[in-house]
Amino acid sequence: MYNFRTDLASERRDIYKQASKEKGEIDGIESEKQEIDENIKVEKVIITNENGEKAIGKPKGNYITIDVKNLKIAQEDEINKASEVLSTELKKILDSHIDKQGEVLVVGLGNIYVTPDSLGPKVINEIDVTRHIINYLPQYVEEGTRMVSAIAPGVLGTTGIETVEILKGIVDNIHPKLVIVIDALASRSIERISSTVQLSDTGIVPGAGVGNTRSEISIKTLGIPVVAIGIPTVVETAVLVNDSLDLFIEKLQDEAKSNDYLNRLREEDNYEEIKEALIPKDYNLIVTPKEIDSLIENMKEIVSRGINGSL
Amino acid sequence: MYNFRTDLASERRDIYKQASKEKGEIDGIESEKQEIDENIKVEKVIITNENGEKAIGKPKGNYITIDVKNLKIAQEDEINKASEVLSTELKKILDSHIDKQGEVLVVGLGNIYVTPDSLGPKVINEIDVTRHIINYLPQYVEEGTRMVSAIAPGVLGTTGIETVEILKGIVDNIHPKLVIVIDALASRSIERISSTVQLSDTGIVPGAGVGNTRSEISIKTLGIPVVAIGIPTVVETAVLVNDSLDLFIEKLQDEAKSNDYLNRLREEDNYEEIKEALIPKDYNLIVTPKEIDSLIENMKEIVSRGINGSL
Amino acid sequence: MYNFRTDLASERRDIYKQASKEKGEIDGIESEKQEIDENIKVEKVIITNENGEKAIGKPKGNYITIDVKNLKIAQEDEINKASEVLSTELKKILDSHIDKQGEVLVVGLGNIYVTPDSLGPKVINEIDVTRHIINYLPQYVEEGTRMVSAIAPGVLGTTGIETVEILKGIVDNIHPKLVIVIDALASRSIERISSTVQLSDTGIVPGAGVGNTRSEISIKTLGIPVVAIGIPTVVETAVLVNDSLDLFIEKLQDEAKSNDYLNRLREEDNYEEIKEALIPKDYNLIVTPKEIDSLIENMKEIVSRGINGSL
Amino acid sequence: MYNFRTDLASERRDIYKQASKEKGEIDGIESEKQEIDENIKVEKVIITNENGEKAIGKPKGNYITIDVKNLKIAQEDEINKASEVLSTELKKILDSHIDKQGEVLVVGLGNIYVTPDSLGPKVINEIDVTRHIINYLPQYVEEGTRMVSAIAPGVLGTTGIETVEILKGIVDNIHPKLVIVIDALASRSIERISSTVQLSDTGIVPGAGVGNTRSEISIKTLGIPVVAIGIPTVVETAVLVNDSLDLFIEKLQDEAKSNDYLNRLREEDNYEEIKEALIPKDYNLIVTPKEIDSLIENMKEIVSRGINGSL
């Protein structure tokens, strides 16, 4: 399979189309764009058959991308609007898998002590859990309230345990009907860092985007549907340079400085070669924007309100 | 059972002796004191039979209290010495339950966002876990290295799930041979806050000390031995006032101001009545010293180095 | 002077009245209560002459206390209402001292690393400063915008410099017309911790309430008016015990257990004697409620919105 | 002047030599390298005359660069060694400007709430200040102890006040003999982020490296010598891409894919053009490595121990 170096289905679709010189839609992939306002855009990519699966290396299902422009300076209003959009889309997905009272377990992946990786645990702290109230103080909740529980299981490097092992144990013990997983993703573009949310109903592979593939968290491993909320928070230097290089060469060519060699350079994907050039110099770090603290803070509000609004 | 309002076996033993006017040792309770240096004291209380169990309301087993004086201004040296004492005692307990390679799961209870309750999760971040390295990169560890994993499961109010439910699921899935649980305790005396460690091999009931009894974490519920490392971090105002009142009346009597009524006041336990007097005024808060941040920071070092040294 | 052990003028007035058996108003002290809603109460104490000054040991001026009940579980609405009340009262005080465009320097006292002492620096981070924009990018602000700057100077133990020395230097260099100081206070009652705001136009003495008197921050030392926003965040154990003792004895007497000795105990102030009884046992700590993290977080919102709204 | 896009004198010297095709030393610039061990390297660059000043755009004086390899996984030992190196070099500089008892003010620039910018304030919290003890409790310090004070003045965006205005006020009020300033720098190479310390005795211009030039902090503005401890913590995407591009083209040429056009591309500095290509796409962010939290934590230890050891 092609190395997309992004977990976002919409970016993969674009890369596939460019690489395969497809002009129209790809067989097995449907998509639809929507502009909520000048700052918020929603794009849905649906993979409908095996051809679509193969094309972009993602399982059949729904992938919804919500982009929030200028999140680092977003105000209360914009954050609220973005969380409502997330809430609406999430509700649709939940309703297609479980009934209104179906118990949900919300899982926040990541490491609270590593800022770009701390979104998941921070969201968990804001989730309105009801499971213990329904169990011990049912008189304090309206009848028909959905059971919600939440957990931040930590990361393999800190726990020594695969996340899916932890979750499997908990799911088998408390029997929720669906799991929502919040996860940091890799994206191709640094301007998407912590300003894009991808919602999908196909589960996830933790760390897939940044090279450390680990066991999948999905209906296959947990036995119940897994809805993933993925947010790009880091980008690999080689990816950044590769894409910047394209922008740079494009600019050189616009200025009529083009030549055959540059043309070829641009058409090829130079990621592997750039990576090889950078690694000996310790240059191929995973990077994050300087403003990552406030980006994570704002994204935490969007995701936690979005989830609370939908449950 | 008497309401001891402390989770420390040595404090309970003292209270029982005072209340029952016992002069010598209680049948079923053995104890032994040791002074490591002018700042560190160790006391072992062993409950050997049912009479001892009944007397102080704790199951048969070993209870080791390590007191570190002036922890809030402790320097590197003192912290190291305290962690070595903990390490030595913990190693003895581990060796009496599992062999040198027996897999251990370390569990840090508490809420990272509530300073006096954040010790457990903070210690987990410092534990040298080996389970994933032994599983995936065995060439990087010496043969015979013990498998260690670690988890901070969160608190009922945030997760909606009983801690024991989470742990039961994980233990059944990854099969450690022993669990070490780090927990915040209630103590009778505010000067013990975050400067005492109690080590026991009988498991724990989360939150037992402060009135919100929840399911026990022990060999009964998990099926494997549970070693508990408990650290007092909070005290209830009514307890504080009750004990302060004793000190105050004692002083009045020393000054020959005594009278029958005061005498009786002091001999009685006035906790319930003080509590009743304070509650209508919203006075019976759980309190913690102003310096709790640095106390927790220093205690984190002692406990994490103590555990790492023993494993 | 009587040792009030509280920085709140309204508490001092009550203590003075009780001690002096005054029934009506004290000469030189006027006061007025207002109930905003069931959770928010406002009380104004005005010291009008030297007799009032002497009675409660505070300089002539206005002292406004805003009490917010149940702040630790306060929702967005309640926080907004409280900040509006603060805003309105603060605006009145500002208008009586400087004109609409008079430059203001906001100062947040305290130590960011000590949770109960971190309110000041946390508020500073939320203040809408305009001074640099007016100086460098005047086209981005409306004409007539007030110059606002803000600083968190740290504490003597960390800086080695008296706060007033730092502020004097800055004030002499940038020439604001008025200073607003946010400071942690001592209160008599633990239920007031981080749920009361005292506004005054007489400046402050940092740390006055808890025994470590340091140089005053006021028009005398800075040469411009100093408005103080004080929030109780800690309480001394001896104070807590003394007041709890009164509640306890009152309860004993209600139950007809009274006797002369108890009567006298209650009428006297036993603070000094309780303190003497507690100190040898390391019992006289400064304490704070277990929930101090979320109390500070909510109070930060109230104070920062209150200030921003008034400027 | 050439746009070096780095604050490190040693990087500027290299860039100048490459650009000017100088082989030997530049007139007015002396330098000397030293390898402390396999992980720590020290390089001294001394600018001795105006020609040197012009060549690399830095004032006459001493610039000492300490590089610590693999800081993000550095252990206690390595951190200690690095702090000793810093301490030794800093002591030499201090001794050349003030006597053993000359009062020092340590200033930590930066914003505690922005991880890559939080080093300065974090170091300040660890400085052993003595000024207040010498002033109020002289019996507790040895005679001849140097007066040390410390302050974290915040950043222009939060305070609205130029840092130099704040410092000028304090220096004029408390009269130290020398200022040590800790500052975040821009570097050319991402692998230097938070693993290099530059020591200089020529003061600094806050934010100079990343384009937002503000008033200088130096003997000119404060009237006393200013020693700067600068640590690169961020890098601009255009710089990263420009330098990565060189590495990439070099690799292409090694593989005999060279051609005239690439040759020229490499020899030229393409920063401005890359920047122009990236800006319209919101691509020219300031970035920092994913591991910035632990890098800052380790660097805090090195710098604070280094300063404390020298004072």
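By written order: A, B, C and D. Residues from 1 in each chain.
In this section, a contact is a pair of C-beta atoms (placed from the backbone, for glycine too) under 8 Å apart; a residue touches a chain by one contact, two chains touch by 3 or more.
All values derive from a computational prediction rather than experimental measurement.
Listed by label, the chains that touch subunit C and also subunit D number zero. Within the contact network of the assembly, the step distance from subunit B to subunit D comes to 2. One copy, subunit A, sits rotated relative to the other, subunit B; on C-alpha atoms the angle is 180 degrees to the nearest 5.
Set against the Cα centre of subunit B, the chain with the most distant centre is D.
Separating the centre of subunit A from that of subunit B, both taken as means of CA atoms, is a distance of 41 Å.
Between subunit B and subunit C the centroid-to-centroid distance comes to 36 Å (mean Cα coordinates, whole Å).
Averaging Cα coordinates per chain places subunit A and subunit C 46 Å apart.
Residue positions 113 of subunit A are each in touch with at least two other chains.
Shown here, the protein chains touch around one cycle, each chain meeting exactly two partners.
Across the complex, subunit C meets subunit B through its residues 113-117, 189-191, 193, 234, 237-238, 240-241, 243-245, 247-248, 250-252, 257, 259, 261-262, 270, 273-274, 276-278, 281-283, 285-294. Of all the residues in subunit C, the ones that touch subunit D in their complex are 112-113, 121, 124-125, 127, 129-133, 147-154, 156-162, 165-166, 168-174.
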